[in-house]
Amino acid sequence: MIEVENLTVRFGKGKAAVTAVDGVSFKVNTGEAFGLVGESGCGKTTILRALAGLNEDWSGLVRIDGKQLMPHRERAFYKLVQIVFQDPYGSLHPRFTVNGTLMEPIKIHGLDRADERIDRVLRQVGLGPSFRFRYPHQLSGGQRQRVAIARALILEPKLMLLDEPTSALDVSVQAEILNLLTDIRDSTGLTFLLVSHDLAVVSHMCDRLAVMNQGQIYEELTVEDLVQRRYKNDYTRQLFEASLGYDRRLGAGGTALEDASA
Amino acid sequence: MIKPLLEVEDLSVTFKTPHRMVKAVRDISFTVGKEKVGIVGESGSGKSATGRAILKLTPGNGIVSAKRMQFEEVDLADATEEDMLAVRGKRIGMILQDPKFSLDPVMRVGDQIAEALPPGLSKAEARERVLEMLESVRIRNPQRVYSLYPHECSGGMGQRIMIAMMLVPEPKLLIADEPTSALDVTVRMQVLAILDDLVSRRGLGLMFISHDLNLVATFCDRVLIMYAGRIVEECKASELRQATHPYTQGLLASLPRIGERQKKLATLVRDPAWAL
Amino acid sequence: MTTAVESEKGGLAGYLTAEVSRSPTQASLQRLYFGCRRFAQNPLAMIGFTILMVLLLIAIFAPWIAPYPMNEQNLQTRLLPPSGDHFFGTDELGRDIFSRVVYGSRITLQITTLVAVIAAPIGLIMGTTSGYFGGWTDTILMRITDIFLSFPPLILALGFVAALGPGIRNAVIAIALTVWPPIARLARAETLTVRSSDYIAAIRAQGAPAWRIVVKHVMPMCLSSVIIRITLNMAGIILTAAALGFLGLGAQPPMPEWGAMLSTGRQYLLGSWFLAASPGLAILVVSLAFNLFGDGLRDVLDPRDE
């Protein structure tokens, strides 16, 4: 579904340029759920935004569903790939009702049977028709995220990009949304590219993952390998151990730590 | 029986909004000794309100009432603002989530820490003390860090500086409200290690407020779970899996875990009875 | 569809307060309703609003409210102080001041409405286009705005009126030309904030063309600031119109424009204070009313302390 070769994204010009993504290559198979894991600033979100068409300043070779992606894309491509953002409180337009938000893509792409599509997609995300004319401030975080997912589904994409879809949600709500995503994948056969800093979420949702740091992929492995600790990279090990929780032995160490500065 | 550092009895915090009274914290009681106590809850559980209420830092429209909030010999419940000034920052320290918002952006970091020192020290002595503090939070190059501005420090370093600043007056009790939530996962472990070390070495009490159940269960000694303003569970961190309250069990079951390959996560079904 | 929800509270009240809206119209009307309710809870804002409503009614029913025709001269009854016959007295040509103030309200209302209707859209379009597209578009549009902004408003208006010739129509155009630049700046600032938000990224990721994003998604977010700003500007607009009238460049005699009346009244200030007092008071009250109304609008459209 996705073939990325040597993707590079730079921000800024000349001396002040920052290479957010440095020659990254990976493949995602159709119907697979692939995780991009890393800490903040590693470039995972940048990759996602470039794939979603939000950033045109990238170089490299990218193919989605066999078609090559050019930095400036045609409208049809947007129907193929959709993205769900991290912050449910910021990703819905405050002045649009749920209906308005879902109508926009329908109008932009000139689709028919608008009411039917909206009703169907709302049911798919577990929101009844009573939610149709509410404003975002009348919805909880979990409900907003469901609307965001509905918005991504309404164009019937083949690939869904998810940018930390549950990090801003409470633990109990996270479980509901993750289950919803699993259901959707089961019923539609969508391909998922999930970005997260949470290894537990990625290992729950995904089949394979790539560990990123400082714009590069350090390691690519299956979730099974991760769980069995068959990772090869030291950074992967650090992330894995950190995700298990705090280790009391760290406290007793007393060794000076790296002064990581900006 | 060792007397605990902090004994809270029947604490309530109510907020006045234009439409109604919101009871954020409802008659909770707990103690904190020379140990790490974690207070866990989701948003709206009242955990942050509790931390602030103890230091009387509740925002204007909040009403705090408690039968007793005994901190060593002072009853914080009855304390006047003057009494609180002697306690806040000096005998009870507080660290908040984002060092970006707690550090003065126009002052060098070392100078800010020096501000927390008692008056009467010479400049050289003050600088010595600050460098010592920076070393105690495992900063490798204290001289260099002394003259940095907050925006030049990473999140992890900023938090370590906050910890250093908080420990200067040698408090007995620390209240930390989501101190590591804004940090990257690997940095988080380092900062927690520092906190762990300092707390045990200096015999401090730590109240660790967080939404991260797994983190609190592995870091703290005792865990209090809050829901809708009440404490629904209190147990030793090591015994969390044997928790009895359905909310706790529900929370534990709904966490995704590496290695547990279940198709669907158990979702929490909220029983209205828990909020009574 | 059943009306189970609406039957809890019948009729219009039920429609407006229903938990669940069933149509886009209902959702919008509900928002309007709750906005109005919030506004009504602010006493000062309601005072402002009431005064403006009174102004509107006076303007509409002027012929019935004014006891005398506005231009009827009677040199026998010049400069009479306020009395039962002439509530505000008579001016230097024997005209009833009260009637003239009443008719003058129409002019004031005309000027303020026309200026708002001209300046706000220009400012909004310039500002949002500039802010959203950035680059050369931004630079060029903002430099044009800067040129207009660099003149003190009154001087600029004077310049235009001098070029176009005196009269109300030209005064309106001149004032509108001084009002749109700050609006453009405001809209641009709002656009810059909105531009980087996730909901704009989301609609971009759905393939929306730029014009659609600017008109349907960015402008609504700027609208409340612009409305508030224009309302708070009204006082300034009235005063500029009054100043132009004062200088004889706005409404021409014998039109009962408040500023022009104030100007004539100045000459008679020592002996007949009442010539200047009533139009002056009218300007003051209406400016204040717009300010209070604008403040109330701001609290409703742009709540800070939620």
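As written, the chains take the letters A, B and C, and residue 1 is the first residue of each chain.
What we mean here is this: contacts are C-beta pairs under 8 Å (C-beta built on N, C-alpha and C of every residue); 3 or more make two chains touch, one makes a residue touch a chain.
Bear in mind the structure is a predicted one, so any value in this text is a computation, not a measurement.
> Which chains are shared contacts of chain A and chain B?
Under the touch definition, chain A and chain B have no mutual neighbours whatsoever.
> Suppose every chain is reduced to the average of its Cα atoms; which one is closest to the average of all protein Cα atoms?
Central chain is A.
> Provide the C-alpha centroid distance between chain A and chain B, rounded to the nearest whole angstrom.
Each chain's C-alpha centroid was found; their separation is 31 Å.
> Measuring centre to centre with CA averages, how many angstrom lie between chain B and chain C?
Using C-alpha averages as centres, the distance is 51 Å.
> Determine the centre-to-centre distance between chain A and chain C, using the mean Cα coordinates as centres, and give it in whole Å.
The separation of the two C-alpha centroids amounts to 47 Å.
> Over in the complex, which chain A residues touch chain C? Could you list them?
49, 52-54, 75, 77-79, 82-83, 85-87, 90-95, 97, 99-100, 104-105, 108-109, 130, 132-135, 148, 151, 155
> Using the touch rule from the top, collect the residues of chain C that touch chain A in their complex.
Checking each residue of chain C against chain A gives 20-24, 26-27, 31, 197-199, 201-209, 212, 216-217, 220-221.
> Would you pull the chain B residues touching chain A in the complex into a rising list?
Touching chain A: residues 42-43, 135, 138-141, 144-145, 148, 151-154, 156-157, 184-190, 192-197, 200, 211, 213-215, 217-219, 250-251, 254-268, 270 of chain B.
> Sort out for me which residues of chain A touch chain B in the complex.
Of all residues in chain A, those touching chain B are 39-40, 170-172, 174-176, 178-179, 182, 197, 199-201, 203-205, 226-227, 238-248, 250-262.
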